[in-house]
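In this document, chain identifiers A, B, C and D correspond to the written order of the chains, with residue numbering beginning at 1 in each.
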Amino acid sequence: MRLLALCFLPAAVAAAAAPLRRGSGLRPAALVAAALAHTALTASLWWRPPAAAVPPETVGWLGVDALGLLVLSVNSVLFLAGAVYAVGYLRLDAPRGGRIFVSCLLAFLTAASVVALSQHLAMLWVGMEAATLAVAPLIFHRRDRRSLAAAWKYLVISSVAIALALLGIFFLATAQAGVAGRPLLVPDLVAGARALQPAWLRAAFVFLLVGFGTKMGLAPMHTWKPDTYREAPGLVSGLMAGALTSCAFLGVARITQVTVAAGLGGFARPPLVGFGLLSLAVAAAFVLAQRDLERLLGYSSVEHVGLLALGLGLGGFGAWGSLLHLVNNALVKGWLFLVAGNVVLATGGPASAANRGLARRLPVSGILLLLGLFAVTGSPPFGLFQSELTLLRAAFAAGHPVIAMTMASLLALIFAGMAALVLEMTLGGSGEAAEAPAPAARESRWLVASPLALAALVLMLGFYIPGPLQSVLARAAAALGGSVP
Amino acid sequence: MSTLGAVSAVGTASTASTASTVNAAPLQLLAAGVLLVLVAGVARAALSRRPAAGDALYRAGFAAGGLAAALAALAVLAGASPPEVRITATTPGGPWVFGLDALSAVFLLAVAVAGTASALYGVTYLRREPHPRPAGVAHLLMAVLVAAMMLVVAARAAVPFLIAWEVMALSAYFLVVFEHDRPEVRRAGLLYLAVTHAGTLALFVLFAAWAGEGRDLGFAALAARAASLPAGGALVLALALLGFGAKAGVVPLHVWLPEAHAAAPSHVSAVMSGVVIKMGIYGLLRVVVLLGAPPAWWGWLVAALGAASGVLGVLWALAQHDLKRLLAFHSVENIGIILLGIGAGSLGITYGHPAMAVLGFGGAALHTLNHALFKSLLFFGAGAVVQATGTRDLERLGGLARRMPGTAAAFLAGAAAIVGLPPLNGFVGEWLVYRSLLPGAATVAGAAGDASRLAILAVPALALIGALALACFVKVIGIVFLGHGRDDTALAGAREAPPGMLGPAFALAAACALIGLLPALVLAPALRVGALVAHRGAGVAALDLGGLSAAGPMTVFALALAAALALAWLARPLLARGPRAAAPTWGCGYPAPTPRMQYTASSFAAPLLLELRPLAGVHERRTAGAFATHAVDPVLAGLVLPAWRGLRAAADRLRPLQRGRLALYVLYIVAALLALLLYLLAAGGGATPTGGAAP
Amino acid sequence: MSPLSPPSPALPALPALAALAVLLLMAPALPGIAVKTKALLTGRRGAPVMQLYHDLWKLLRKRTLLNPATTWLFRAGPVAVIVSTVAAALLLPLDGRAAILSFAGDLVAFAGLLALGRFALVLAGLDTGSSFEGMGASREVTFAAFAEPGLLLCLAALALATGDLTLRGMLGAPLAAAWPRAAAPLALVGISLFVLLLAECSRGPVDDPATHLELTMIHEVIVLDHGGPDFALVLLGGALKLALFGALVVGVFAPRAGLGAAAAIAVLAAGLAAVAVGVGVVESVMARLRLSRVPQLLVGASALALFGILLLLR
Amino acid sequence: MPPAAQLLLLLVMLSDFAVLATTRLSGCIRALAAQGLLLGALPLVLAPLSAHTVVLALGTVAVKAVVLPRFLAWAIREASVRREVEPLVGFVASLLLGAGAVALAFGIAARLPLARMPDALLVPAALATLMIGFIVLTTRRKAITQVVGYLMLENGIYLFGLTQTASVPFLLELGVLLDVFVGVFVMGIVVFHINREIDSLDSEQLTEPAD
């Protein structure tokens, strides 16, 4: 019941909020209320999981296992942060009263919840498709030529990806033909994994990896990311980089779960590692000399999904590290994109290197951007440090020192490239910023509360991983054939 | 603040409770020190509206915290061995362990003394800056920096170590870019940050490689794994050189160091040069402690890097006309001396000469402490000069000894110490390093084929370093403090620094003199540190450390020399006959000498630099009226910047791949798919699956 | 494993004190001997051997001149030169057996004391702000930078040959024992030390103590502004340094551990005189080197010592 | 194995080539509509006749043969796009690529271990259509042709889905659902705006000098 509510409550709120008149202020309130309710329901799943965690309680095709719960919670928290932010955002920038904006956001939440909770791969696919399409109008939010181009690319590439994923699901169904168990249900697939036809399973893995990998933004299928993240409002980019990416990762993780359970881990891992390293390399190459903050964050997102894939591919500690990184990445991406959104709101232009002295002009956002640079690049004491260190350990534990050293070298390059831009934007600025708009009005409490909260969470994860999270991480990692480091 | 869980003391807890409380005291003192320093910083930041009260609180809190930490260090150096504290962690990598041993203690002492002195100096220094910025944040960052360093040396597990390490690096970064309105400061900051982050990543890899499949990243667990590392831990040792070497400023990883030190406010330069870079040395020594006997190549490599850093560092320093940059290059030089000691120590372990090992490591440890004292002192002096004159350019300074006698005296003491002149502390440290390189009786008695005897070849390098350092500091003092001012506009308003800045400087000068005059105080602890690091080498226990230290005669020598100098100075008036007569400087008959005719910093150093031109990175500029040299860092200008530009150019060449063409983007997806399908075929995916039954 | 060296005896033996007295008293005569030798070889009468004693006496009775541009460093320089040079002499086994002060690694202290003297003297010169004295200071530290590695190489070679880390040992009995098995390297070290003596003590062909042209001077030009008793101390310090290096050279070539105290002191005196004569001979047969050639000479001397070390390591 | 199915599949492949060969946008769309019609007919001949099959066939025809092509035609008219296809790669080269794709499709299909094969031509036709869809997607300039390519890709997947109708219900419906989604979003919103913004459906003009 709670699961159904998680999925359909946002949609219901969206439907209820759609007819509201503009300017009533009720629409942002409805958004926040839905987000709060969603978070509360999600939290209740932590306190009291639906009876019998293993095998997952299944409401039709819905169920909650550790992996799904993790993704669901990440999305929920991120969405709540986004919803609070949206209150401030819609006051400043709300074409048509934000009707489409709020409806699409809630639709996205519904779709993302379906992805996280569905135990049926086809339904996961449907959710993925719906989530993809739900954010498309949001990319086109600015309604100019550049955002149109970005939305078009996003739609075509996502559609191709989603089509390939569908083909992958067909292959998986083919592989399952003649095997006992309900078709395409994850627990049944895992239970009967050894009986699946390996050839079709491999083909399914390949297509699902390319399909969902494109949605994650793994290189070389990442091309839509920088354009899209630059054009979408910061809030939407944050949700895409944090939540949509997590959903896509869940898709990859599910098929990896099945493949590993079938004893084909040796087949599944090299491509994951390859995509991971390639993503890091591409991010490094394009981060250098990048002049736009949001594009930069887009490439940073490519880097981080690369790390997610890498961890999954390394197995062992890597699976655990990857899952922790999922949490960290979502939170830090939300943090940074919201801050980038503040920069765009305050300066009225793109968050490019032409901006100077943000730490002084936008005291909270500027400092958060500066700190975010260190958080997103895995500097201690932020949470990403723990996950990246775990990934490096995983590489050595799996006997791949070269992978570890390649990864570290690329991370160093990425850091240099990111630091060059972010520091140029945040520091300095006295004398250069004579034309700066009055910053105070543009940095309302609603706009900084969420990034601050997300930053606090990321910082906390560097020191302290709460017990329930530990156990969920451990169970999810075990499902992926990994172990707790 | 974190990592909630049970705190339990292990180790010698089984001894009598009274003994264990005494033994635990140093760690409690350290914790108190860290907390006091942090509280002082937070209080100062919170009281930014009432700077006077904030400053007073900050001074008191910082001094108390520094004192507590110093006491903890002294207690351990005096022989206390506190049990380790373990904190159950919720993060991966096992429990967080903290402890203090003699090696930690000597670095903790440096942090406490130089860090506290710098912080106290910084209070007055920042208040007097011409364009005052909110100083509260800078003081808070300083507190964080010092507290983090205290934790770096106390950490006994990789995760807390890395956290403290990076907090240290980042707070230092923010301090370096305190004056970030100047573009060159931002550039310097970026360079520092890029290098330090790369170094941190190297440390990540180091610990990851060391831990392997292990789940516990505690140092004890790592030490237990040391024997099973492939190739004698070659990877770990190489990464240690990379990660810790970058922090320490070993050539060629030093490129960030002069830039950052020149860009930072002077008290920050003092603490960075004095102690932050020493954390790299600490890391290297800690790795040796945990890893046991390093292979021979490592010892030779470290010694060679030390010689290169020392000689090149001082040579490049000689070429500088920027006072703070010059001092920064001297840090590279002194890191070189320290590395020579570490190299000798490591060779001593490898070749089974415990005395060599103990002397080398002990010398490295002592020189670390010494350098912390006199380099901070020198930066205090430089800061006073820069603040009084508004310039760091040597060619515009001169004659400040008459305007700022206190600063000049303190700077002179620091200079004499860093050059290694007896009877000051620099001499004592270098003496130990020399002795580790020189053959002992045992070595000579050993076979002629004993390769460790080749370490003697580093002796002339050390001598060259010393002589060049002397040349350089003669230049600095002569140009800055002696003679006549070269630029009246800069010097017109030069006044003596206030007591708030002179006090910390004199305190450090007194510490330098104390160690120099009473080497007996430090030699035995230094050699104990050396013995700790060398401990896995055989035979250390049998060494007579007291005999090895020669502390007695050294002390007699130093005291006698100091007494003779003082007596001679006091007796000097006895030689005077009649009243003094004033006479101007001999101008060789030229009737109208001007200050512009004085020897300049360029011309002073030119003969040496031109003699060693290929290494020195000096460009000459001769005009009819003037001779000037311009210094470039050959590594930065010839290696690092071209490499960086090359990388950016390569990245630019990749841009067309992402030109926004949808067709191309789809093609990438197709290509990825095809590649995977090929992989599938190669993995036997098609009709002939290998992993399962084909239908 | 034997300890590297026992601590030195608390009370120095009487012969050591006597030898020190001989060294100090004889020092001002050495430049005179050198000058006399040079004069005789070039067919002139030359100044008397005892000239420096007269000069010192004369200077000590003069008034002190005070340059108003200077600070206390200007006056401290000469004092520090004397003290550091005498202190360095205490570390040498002048009687062939015992030094007044000795400890393992005191060779480093020896070099450090010489550096201390140089540091003080050069700063005293720079204190005037004169460009001549700046020039002299620059040259002095430049040549010292090339001479110091040579000195340490020589001492290290001695340490390697004797297995002793004290000057007392490496110039005493162990050295005498080492000569038969390591004659060639020790001879190289001795020659190297002699060349270093020429440079460190500002003798030809490196410097010309007799020149009166400021631009060509090295050592003399640093102390242009010193006068009266200060200048006397500087001159005395220079002479002492010559004696000190002379004692080193004598120590290497004539280890006197086997001789009686009186004989050893006599050999020291004779050796010092011989070294001074040697200096005079060199100055009379070699033209002054161009300044840029001096580092080559010094590197050459260091190479000799290095070669000696390589021979010993073989 | 009904010969009708063979015929239909051959026609499907022919329509693939028709899309590749035609120089007019309207021709492209007509070929696509024809393909949709063929796809709608296939379930009827491959699977036993049932209400479900009929509904599926009707739905497929409605979406793939009627709604989407009309939509495209309407978009062309509305945006007054020029009628040429404007390929990036010439028509002959495209056809050769297509031929290669078909050959490859047959080669791969022969190696695939399929337990129950409704028709020998089904898998090659699916793969060929998929690959030719990719060819159209990557070698044609205009947004409209890219949509056509994408829909062909979809059709290929639909064809493959026909192999699984028996074991997994609703998979094909998912494919049709995908079409609806894409139809609504891509056509309804984006194409409309492309029209308004830049008076052309040339997606090359959407290329921003990005990185």
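The rule is short, and it goes like this: contacts are C-beta pairs under 8 Å (C-beta built on N, C-alpha and C of every residue); 3 or more make two chains touch, one makes a residue touch a chain.
Since the model is a prediction, treat every value here as computed from it, not as a measurement.
S.K.: Both subunit C and subunit D are touched by which chains?
M.R.: Where subunit C and subunit D share a partner, that partner set is B.
S.K.: Measuring centre to centre, with centres taken as mean CA positions, what chain is farthest from subunit A?
M.R.: That would be chain C.
S.K.: For the chain pairs A-D and B-D, which is connected through the larger number of C-beta pairs in contact?
M.R.: Looking at contacts between chains, A-D has the larger number.
S.K.: Centroid of subunit B to centroid of subunit D, CA atoms only: how many Å?
M.R.: It comes to 67 Å between the two C-alpha centres.
S.K.: Using mean C-alpha positions as chain centres, tell me how far subunit A is from subunit D in Å, no decimals.
M.R.: For subunit A versus subunit D, the centre distance works out to 31 Å.
S.K.: Nearest whole angstrom, what separates the Cα centre of subunit B from the Cα centre of subunit C?
M.R.: Centres of subunit B and subunit C (C-alpha means) sit 36 Å apart.
S.K.: Please report how many Å separate the Cα centroid of subunit A from that of subunit B, as a whole number.
M.R.: The separation of the two C-alpha centroids amounts to 41 Å.
S.K.: Pull out every residue in subunit A that's touching 2 or more other chains.
M.R.: 149, 152-153, 156, 160, 197, 199, 226-227, 286
S.K.: Could you say which residues in subunit B touch two or more other chains, in rising order?
M.R.: 655, 658, 660, 662, 664, 666, 686-687, 689, 694-695, in rising order.
S.K.: Could you list the positions in subunit D whose residues touch two or more of the other chains?
M.R.: Residues 112-115, 137, 146, 203, 206-208, 210-211 of subunit D touch two or more partner chains.
S.K.: What are all the chain pairs that meet the touch criterion?
M.R.: Applying the touch criterion to every chain pair yields A-B, A-D, B-C, B-D.
S.K.: What residues of subunit A sit close enough to touch subunit D in their complex?
M.R.: Checking each residue of subunit A against subunit D gives 122, 125-126, 129-130, 133, 136-137, 140, 143-146, 148-149, 151-153, 155-156, 159-160, 162-163, 166-167, 169-170, 173-174, 176-178, 183-184, 197, 199-200, 226-227, 286, 290, 295.
S.K.: Provide the residue numbers of subunit B that touch subunit D in the complex, in ascending order.
M.R.: Those in contact with subunit D are residues 655, 658-664, 666-667, 670, 686-687, 689, 694-695.
S.K.: Any idea which subunit A residues touch subunit B in the complex?
M.R.: 149, 152-153, 156-157, 160-161, 164, 194, 196-199, 202-203, 206-207, 209-210, 213-214, 220-221, 223-224, 226-227, 262-264, 267, 270-271, 275, 285-286, 288-289, 317, 320-321, 374, 377, 379-381, 385-386, 388-390, 392-393, 395-397, 401, 404-405, 408-409, 411-413, 415-416, 419-420, 423-424, 427-431, 462-467, 470, 484-485
S.K.: Write out the stretch or stretches of subunit B touching subunit C in their complex.
M.R.: 354-355, 398-399, 401-402, 405, 408, 412, 416, 419-422, 427, 430-431, 434-435, 438-445, 448, 453-454, 456-457, 459-464, 466-468, 470-471, 473-475, 477-479, 482-484, 539, 542-544, 547-548, 550, 552-554, 556-557, 560-561, 564-565, 568-569, 572, 575-588, 593, 595, 597-599, 603-608, 611
S.K.: Hey, which residues of subunit C end up touching subunit B in the complex?
M.R.: Its residues touching subunit B are 1-8, 60-69, 71, 73, 75-76, 79-80, 82-84, 86-87, 101-109, 111-113, 115-116, 118-119, 122-123, 126-135, 137-139, 141-142, 144-153, 156, 159-160, 163-165, 214, 224-225, 227-229, 232-233, 291-292, 295, 302, 306, 309, 313-314.
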